[in-house]
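I'd like to ask you about the structure that follows.
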Amino acid sequence: MKKVTIGIIGAGRIGRLHAENLVQVSGVRIKTISDIFVDNIRIWAREIGIENVATDYEEILSDPEIDAVFVCSPTATHVPIIKKAATVGKHIFCEKPVSFSVEETEAALQAVKKAGVKLQVGFNRRFDRNFVKVHETVKNGVIGKPHIVKITSRDPEPPPVDYIKSSGGLFFDMAIHDFDMARYVTGSEVIEVYARGANLIDPAIGEVGDIDTAVTTLTFSNGAIGIVDNSRKAVYGYDQRVEVFGAKGNITVENDRPTSVEISTEAGVFKDKLKHFFLERYKDAYMVETRAFIDSILYDKPPVCIGNDGLQAELIAKAAQQSFESGCPIKISHMLTHEV
Amino acid sequence: MKKVTIGIIGAGRIGRLHAENLVQVSGVRIKTISDIFVDNIRIWAREIGIENVATDYEEILSDPEIDAVFVCSPTATHVPIIKKAATVGKHIFCEKPVSFSVEETEAALQAVKKAGVKLQVGFNRRFDRNFVKVHETVKNGVIGKPHIVKITSRDPEPPPVDYIKSSGGLFFDMAIHDFDMARYVTGSEVIEVYARGANLIDPAIGEVGDIDTAVTTLTFSNGAIGIVDNSRKAVYGYDQRVEVFGAKGNITVENDRPTSVEISTEAGVFKDKLKHFFLERYKDAYMVETRAFIDSILYDKPPVCIGNDGLQAELIAKAAQQSFESGCPIKISHMLTHEV
Amino acid sequence: MKKVTIGIIGAGRIGRLHAENLVQVSGVRIKTISDIFVDNIRIWAREIGIENVATDYEEILSDPEIDAVFVCSPTATHVPIIKKAATVGKHIFCEKPVSFSVEETEAALQAVKKAGVKLQVGFNRRFDRNFVKVHETVKNGVIGKPHIVKITSRDPEPPPVDYIKSSGGLFFDMAIHDFDMARYVTGSEVIEVYARGANLIDPAIGEVGDIDTAVTTLTFSNGAIGIVDNSRKAVYGYDQRVEVFGAKGNITVENDRPTSVEISTEAGVFKDKLKHFFLERYKDAYMVETRAFIDSILYDKPPVCIGNDGLQAELIAKAAQQSFESGCPIKISHMLTHEV
Amino acid sequence: MKKVTIGIIGAGRIGRLHAENLVQVSGVRIKTISDIFVDNIRIWAREIGIENVATDYEEILSDPEIDAVFVCSPTATHVPIIKKAATVGKHIFCEKPVSFSVEETEAALQAVKKAGVKLQVGFNRRFDRNFVKVHETVKNGVIGKPHIVKITSRDPEPPPVDYIKSSGGLFFDMAIHDFDMARYVTGSEVIEVYARGANLIDPAIGEVGDIDTAVTTLTFSNGAIGIVDNSRKAVYGYDQRVEVFGAKGNITVENDRPTSVEISTEAGVFKDKLKHFFLERYKDAYMVETRAFIDSILYDKPPVCIGNDGLQAELIAKAAQQSFESGCPIKISHMLTHEV
């Protein structure tokens, strides 16, 4: 069987997650994983069967045996790595967001286009069985032309303030997944954005210039209207729901719970809280995502989630940030600097 | 508009419930209500607009203006009242059970048959919108030939032990509704019964010779198998569920709850307990039942729930009692004393 | 028992609904109902027991026996009727909206205040058992300080275009209920409004200058953010959901369905569509609403839904309309013309 | 890290399932898999990393490197293999049922006891996250003393008639899982069994002497009553539900569905059918089961599901078969031949 040889750049939580999924995919060899704190990962890497570890990702990019890289390093490094990787002909899986700058993302996409390599962006929720079914049901016309899209996306608890500082803010770090989901389930582009945000959960988040609660209104090119609501702290678990309402019906996705157990007592009726967070909720989706990328290389198929998907979500996030700051709706057409 | 003039015999909880429903039905005049404790009901009767009160139900039976009687007196009086009412040509609504004796019920039915009056038995659950839909769905063949029927019927709390003493026991007083439901939703007759019972809730119930927990297996003439489970005390409310499984599918009815509110907090997810008891759960069904009886008289239509339905449910209840006592399955054909 | 004598002004669908509920409320006498098409209602009025019918509502306002009026005539007549009724000391139940003009509504409220009569505005959903529980749960602090409020409100089908022409538009005719609900469940005032709307269902609606699809973002004085989504046509029934998310949890209300039956076959799993429209969905709420108004008079209690509730909802509706037309967020403080 | 070396006897569907799970468990080496049709599995075994294949399971039993065996061969071979494996000191995982003969199962358990090896019986459902929660909730007293236990267990389609012939019949092949579940969730022993069965689905099943529909009533030593309903053909998927009702409440487990998507259209409301069959429904449970057995060896812990659990379930299955054939309830105490 043909094999894809992989290098992984960045061994933080998400890099290790991809590594552990990749070892379960047949047709994959992980040759090298790089991280600036390489000593932290030596034992783990050996245990799961990764051949080499490296401090410098250049070791991966310059290795002619490596077919594809997973870019799991901090966002600021994504664009330079993508550009180099494309130049040396490696296929690229890049975690979201591609960058905090529309111009830089555009430049990265042009490098990818020029090199003719594959680029898949890490919007893992596109691979969740529920959202795939929403996407396909809408695409097949079952609910008619979409009129209203509603996405609820709430984390169980805020990340550390140190993380928030360098996260790009709620819209870039968190809502960007939902902006991608809005495009994915409607099959339409966002043309205008209005965002309201607030700092209601932890004043420390406000002190570093970010918000923890947001509602974003999206206007789509096909006339539909979308709503995304976000919170950094849903005490009952990771709240992830999607609804698309159209001319012929409505489709909803409810949350996953750890069990289906329901307990009725004199005190009331109790069900499980939601699955805790993304590692539990999207466990299967991460695996499907990884398999999809490997398959796109092995069988030369187009990736499910391409560079332009990354760019469009960033444009929406940037517009949301500007709308929140200015108090006015922002048109996406004002955000693009040049043709992609 | 043509009017039906009604007399109500017995002004306990169920007699008053029927009276209060009847005053809301157009085409109905309640002329008289009788009760041996007539002083207790004078004010209430006047307030809801009943013309006369009486101590003796003979006053109702001998009143030529009265077209129909509601028999809501203690079970022991049902058969003599039915016989007399039939003889004087009055239509009869009789609360369940018709009697505790198969022979007496048969005699009452023969009197009704001979007189050519209408008799409706008070199996109110047949008029619940949910169970009507189950009945019709099964009848229309949507789930194919029924194979397994499951009925859960649990009260929120046991009645007073004094009531239990004269109730006829769990099978006659409580499960009889479920035995009727089993026939109603399958459209088939029960031919064999096996019952297990226990006194698990309150020893005082056992001391008066009754049980508070029971599981009854029913074998139907069409080959289907039924299960009824009963408890006198479901601390979470009145638990009333029905399921019919067949060759082409399954149909279920879930419980009603006071609201659809769901509250998610750090402590878990909470829903309402079930509706408390039959007055709340079957409020609408009682009204539909009353309207159905009045309509059967006004428009000369057959009642939905006839004398034979009362008899068959009693046969099953009696077989269940015998099975519980003997530890053996009992055939219904052994219970009938003569042809009806 | 003390009685409240009622006059009903307007015998359209909603006037007849209130009349039919009022005849079931003890302590109520409906003396007169007026309608310009009085011949249409003579038979119906007699059948349900209303004493008189009249063409001119002045007959009601000048009748010293009448304690209270139900104003169910077209919106344009509400303010003059309220003013006159207040002047002659009658308590007033007025259907929503009070008027299409903030100035006129303010004037009506001042007349009511001066006369010291009771005024209840017909936001019937405040009396639905589900929404009452949401209101109380939030008020009791169970979910903490509200952060995000989501209201879905979709009709099963658009009204006739002729009705839409004089309806005041989607925000005034339909969303106004949801704007009131937003205030009711959060217990906070709206300070800014942003609305997006579209004409996606029927071009005839657009031709008379209205929209059929809308998403409105509300900013509350307590920092919470609200979202209302509306459609004139949800083919699966009347979609009425409310959700309040707060610091300590989330509370949701799901739709009512005609039955709880679920049918599983080889083709899939089927449940009932939603209750068809407001008459089915809010049947009980209308009755509770009526009882609450009568009780407020009988026992001199403050009404649940007062004049200022009508005014605030109108301010939000007007702001939504202006936001939709201008494309900009609108502050409520810019809408008020003078102090109330 | 300490390793457990495994041999797998039998490479049918269930043997391969265990093999594929075992390769994902750290601390496991699969040295050999045996099957009489060894040629069918050579490629598959190499691909998933099993070192050797063998025709004769004696090769496994005589290999001193092998610590434990998975007995996945036909039921008739289980007892001889268990006896030999125990004699040579190997830990044993045995698929259910241990045998079709209570005497033989007892003999196998005695051999295991004498050898002091671990024996885990393959009741995989005990490892399902939902049923574990029911077991623990009941054990912790949350619902009080159990009164009624209800288990629904319906396959999506009957196995081939050839399989049924040698399956031991519905009670031994299928309901045995539910009899074990009844003991697991109540924590009590069954003392009497009454079973009704029918051949309603496929006459060919009846022709080989088996049934396809059954309802079994279980009486427990603690006074509780249980009901198991089985069907070989639920056209809407694999129907697996458990309910325990007790003095202080009720606990239910609902079915798993492939997605949580709900689609509402003019035609009605649609949800997914149930997960198709046991491979989909109990995918995770099989993995947890395997890990539990390996852990019991690595850390010398008692297995979750021991030999006596296998024996008790067989006793109930045998009693159910006898009850079905005789039409009478059967006491478990009459089934046991000697002390275990």
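Each chain gets a letter, A, B, C and D, in the order it is written, and its residues are counted from 1.
Quick note on the criterion: contacts are C-beta pairs under 8 Å (C-beta built on N, C-alpha and C of every residue); 3 or more make two chains touch, one makes a residue touch a chain.
Computed from a predicted structure; not experimentally measured.
> Go through the assembly and pull out the chains touching subunit A as well as subunit D.
Under the touch definition, subunit A and subunit D have B, C as mutual neighbours.
> If I average the CA coordinates per chain, which chain comes out farthest from subunit D?
Of all the other chains, the one whose centre lies farthest from subunit D is C.
> Between C-D and B-D, which chain pair shares more contacting C-beta pairs?
Comparing C-D with B-D, the pair joined by more C-beta contacts is B-D.
> State, to the nearest whole Å, the distance from the C-alpha centre of subunit B to the C-alpha centre of subunit D.
Roughly 42 Å, centre to centre.
> What's the distance between the Cα centroids of subunit C and subunit D, rounded to whole Å?
So the centroids are 58 Å from each other.
> Identify all positions of subunit A at which a residue touches two or more other chains, and write them in rising order.
In subunit A, the residues touching two or more other chains are 234-236, 248-250, 264-266.
> Touching subunit C in the complex: which residues of subunit D?
Going through subunit D, the ones touching subunit C are 235-237, 264-266, 268-274.
> With touch defined as at the start, can you tell me which subunit A residues reach subunit D in the complex?
24, 26, 47, 129-130, 133-134, 137, 142-143, 248-256, 258-266
> Within their complex, state which residues of subunit C touch subunit A.
Touch residues, subunit C against subunit A: 145, 147-148, 150, 152, 154, 194, 196, 198, 200-201, 213-215, 217, 219, 223-227, 229, 231, 233-236, 239, 245, 247-250, 327-329.
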